[in-house]
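Two complexes follow with subunit A in common, the first pairing it with subunit B and the second with subunit C.
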Partner chain A sequence: MDGLILLLPLMIPLAAAALTAMLWRSVRAQRAVGVAAAVALLVAAVTLLVRVLDGGVVASQMGDWRAPFGITFVADRFAAIMVVIAATMALATTVYGLAHDALDRERAGFHPLFHGLILGVIGSFLTGDLFNLYVWFEVMLIASFGLLILGGSREQIDGALKYAVLNLVGTTVFLIGVGFLYGITGTLNMADLAGKVPLAENRGLVSATAVMLLAAFGLKAAVFPLFFWLPASYHTAPPPVAAIFAALLTKVGVYAMIRVFTLVYGGAAEWVGPVVAVLAALTMLTGVLGAAAHYDIRRILAFHIISQIGFMLLGLAVWTPLALGGAVLYIVHHIVVKANLFLIAGAIERAGGSYQLKDLGGLSRSQPLLAVLFLIPALSLAGIPPLSGFWGKLTVIRAGLEQGHAWLAGVALLVGLLTLYSMIKIWNYAFWKEPPEGAPAVSGLTGRTRLLMLAPITALAAVTLTISLWAEPFVAVSLEAAAELLSPTAYIAAVLGSPAPGPTVLGALP
Partner chain B sequence: MPSVILRTSARPLLALMLVFSLYLLLRGHNAPGGGFIGGLFAASGFAVYAIAFGRRAAEAALRFTPKAVLGAGLLLALVSGLPAFLLGEPFLTHLWWSVLSTALVFDVGVYLTVVGAVCAFLFELTEE
Partner chain C sequence: MEPLLAIAFGVILAASAYLILSRNVLRMVLGLILLGNAANLSIFLSGRLVGPTPPIVAAGIDALVAGAANPLPQALILTAIVIGFAFVSFVLVLVHRAYGALGTLDTEAMREAEPAHEPPQPTPVTSPAPRKEAA
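After this line comes the complex of A and B, so read on.
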């Protein structure tokens, strides 16, 4: 039974991708399957989270090949939380996508690719095997490349090529690192690696693999200095695609980083903390400064993804239960808020006819509801109390101060201020100022489109408000997830079966 | 215009290659072969056909759009893992009834997925 609960969040998007491909000629049927699958996925994800919160880590060995020889899927609290949040985003963007009526895009395979992307993301969260993680990265990369070039404009193909080539370099480095790890330890099962990596004799090589994985996941997560593919590509995608990318793709990189450095290298590579601290600070600063320079809403938001990744890395850099708990909370908050801002950007474009701030104006009068819905995630992103971003930032920064990283906390606060500047800039230009002279009075945000666009935006804003005003349970679960990450005995026991077999040193030839 | 030799031989070649691809698929049961290589072989049959008679004719010969074949393959592979749950075994634990097994269903799924994916690429790249 546990195996079914664990795998349903994977089987539903796979079945949805397969069915929508089979219904290739009927876009209407594909839409129906898409919405049904997204709802089913959310139900399955919540079921998994409830099961994990009640009964601890769930693991299942594919094909009954015992770990560490087969492929393991495993869900601890962190993974289950991520699956739920990914499913929520899938549902919100699916509903929002219905408003877009982009028939040619949907005929070209939007739905199968979308579900393929969700499959890759959830696979990355649930896998317990390092090589399998690589495979899910590739699934994600293929699906996201396909989604990026749908429509086929020159700008899109330019952005998509940069995205694909740089990510391919990243996954190649990942694969080389995985190869070395396998050479050193003779296993790829992460729970098994947790026992064998600390015993490996060639410490230099272990550190080298850690650097390779850090670089590969860092590129996925758009960490300084490997972030440049993100602002080059995200703004070319249509709003629902940009929203799901912004919500999930970089966060998979962060997830993989946290998972691998807590579980596989847990304490075995002491230099990781300080290095990640510097990277986090630089990531936060470059992201927020890049955003300050831009006047295209989507580019501003894309740069803010980068800066927010820095906050999540703070958790890994400080390496205490509070810091990691803060990082988990921050990821949850950020995914909801960021996806919502991209959805709102699409609605702004529909209502005002442009993504360029200087061409927009007066939306607070013509679209008062959209204005309020913009303020909730925007101020939350900047960390204004009592919104969800405040709790995330408070936890992370407090953990930093407790460990004596005052400079890191200072950078984080400065970045928060500059984030507020960018959000106020969008507010002032798009909503507050008078519309520019001679601007065409377009408002495509009416009727059914308005309902389908604003419903998911409102729902996500409601999720943000829930995390904001009722933060206690979210903080508590995040801290539990962090405690589980820092002492993964339950994870290892669930995968390898308890009692765990004694460690054997491989690769230490006489 | 492709040569007369190619146009005359493409049709029997397609038939032969499809039969051989099925042989490869079934042989994969306990010898080298299997769904992947079988699927590739079938797809190359359609490739020869597409070169000889053009994309439209090859699409008509495949009958379903390649994407639908791909989807059916994925679904079949997924379904082949489900009976294990009835016995309380983990996903993809294959069940055997002498020579028939859910593993064969999985392999047929792989076969269709490969045929669909390769034909989808090929047809897009073939000029009409």
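After this line comes the complex of A and C, so read on.
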């Protein structure tokens, strides 16, 4: 039963991808399957989270091969939280996508690719095997390539080429690191690695693999100085695709980084903390300064993803339960808020006819509801109390100060201020100022489109407000997740310690 | 044999790094192919070169015979080759499309998504927009 609960969040997007591919000719049927699958996925994900919160770590061995030999899937609190939040984003963007009456895009395979992407993301969260993580990364990557070039404009092809090449270099470096780690320890199971990496004699080689994995996950997460693919490509994708990319892809890199450096390397690579601290500070600053220089809403938001990744890395840099708990809370907050801002950018484009701030204006009067809905995630992103970003930043910064990283806390606060600057910039130009001369008077945000676009935006804003005003349980679960990450005995016991059946011995053929 | 393969791994990695740093997209793709091969070679090497005997457990025996090859790296490399093949095919088609759409293979000249000259900045908002008095 536990195995089913653990694997349903994988089976649902897999089935949906296959089914929508079979229903290639009927876009209507694909949409119906897509919505049904997204709802089912959210139910399955919440079931998994409830099971993990009640009964601890869940693990399942594929094909009943005992743990270090077969492929393991495992969910602890952190993984289950990420699965729930990914499922929420999948549902929100699926509904939002219905409003984007881009039939040519849907005919070109939007739905199978979208579910393939979700499959890759959730697989990365649930796998307990390092090589399997590489495979899920590739599943996610190939789906994201497809989604990025749907439509095939010149801009998209240019962005996709840079995205593809840099990400392929990243995953190949990851693969080399995995190969080396296997060479040192003879295992690929992460729980098994946790026991064997500290015993390895060649410490230099262990550090070398740690550097390779740090670089590979850093590239995935758009960490300074490996972030160039992100601002080159994200703004070229259509709004639902950009929203799901912004919500999930970089966060898979952060997740893998936290998972590998807490579980596999544990305390075995002490240099990681200070290195990640410097990287986090530079990532925050570059992202926020890049955003300040731009006047296209999507490009501003894309640069802010980079800056926020720095906050999540602070948890890894400071390395205390409070800091990691803050990082987990920050990831949850950030995914909801950032996806919502990209969805709102799409709605702004629909209402005002452009993504360029110079062509927009007057939306606070023509779209008052959209204006309010923009302010919730925007102010939350900047960390204005009592919104959700404030709680995440408070936790992370307080943990930093407790450990004497005053300069890191200072950088984080400065970045918060500059984030507010960018959000106010969008507010002033798009919502507050008069519409420019000759702007299209007709708004495309009406009727059914308006409903389908604003419903997921409102729902995500409600999630943000819930985390904001009822923060206590979210903070508590994040801290529990962090405690589990820092002392992964339960995780290791769930994967390796369960009384496994002996290997099946095949008899001789008659 | 191991030192020889290790040196080959290093040489291939260096060549791929050189090619990937090129401004020509086609050379970058060749670099990616080499990088994938280097990764496969490193996995093969990590599994130790034990012997040429196929890793098949014969009937009536419980374990592999001594000197049998390590089957795990072969399974990993096979997976990686298939994935790498798919990606290289995709990127090649993408490069072909990019050449058709953008008319160049020089990465410096590919500025569609990030134009060298940004659109002009909007006029600064100095004060809240004045409310238009209702007539």
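Things to note:
Simple rule for what comes next: the second predicted complex is superposed on the first by the 497 of 510 C-alpha atoms of A that agree within 3 Å, B and C clash if a C-alpha of one lies under 4 Å from a C-alpha of the other, contacts with A are read in each partner's own complex, and residues count from 1 in each chain.
Everything below uses one rule, namely that a contact is a pair of C-beta atoms (placed from the backbone, for glycine too) under 8 Å apart; a residue touches a chain by one contact, two chains touch by 3 or more.
Nothing here was measured: the structure is a model prediction, and the numbers come from that model.
Contacts of A:111 after superposition: neither subunit B nor subunit C is touched. When the shared chain is aligned, subunit C comes close enough to touch A:182, but subunit B does not. In the superposition on chain A, A:14 contacts subunit B only, with no contact to subunit C.
In the overlay built on the shared chain, the residue A:4 is in contact with subunit B alone; subunit C does not reach it. Once the two complexes are overlaid on the shared chain, A:428 sits against subunit C while remaining clear of subunit B. Between subunit B and subunit C, the partner in contact with more residues of subunit A is C.
When the two structures are aligned on the shared chain, A:157 is found in touch with subunit C, with no touch to subunit B.
Counting contacts by the rule stated earlier, no residue of subunit A appears in both its interface with subunit B and its interface with subunit C. Against subunit C, in their complex, subunit A makes its touches with residues 131, 134-135, 138, 141-142, 145, 149, 152, 154-162, 164-165, 168-169, 172, 175-176, 178-180, 182-183, 231-233, 235-236, 294-296, 356-358, 362, 428-429, 432-434, 436, 505, 508-509. Here subunit A touches subunit B in the complex through residues 1, 3-4, 7, 11, 14-15, 17-25, 60-64, 109, 112, going by the rule given at the top.
Residues 65, 67-68, 70-75, 78, 84-85, 88-94, 116 of subunit B touch subunit A in their complex. Within the complex formed with subunit A, the subunit C residues making contact are 20, 25, 28-29, 32, 35-36, 38-39, 42-43, 45-48, 59-60, 62, 72-73, 76, 79-80, 83-84, 86-87, 90-91, 94-95, 97-98, 101-102, 107, 110-114, 118-123, 125, 128-129.
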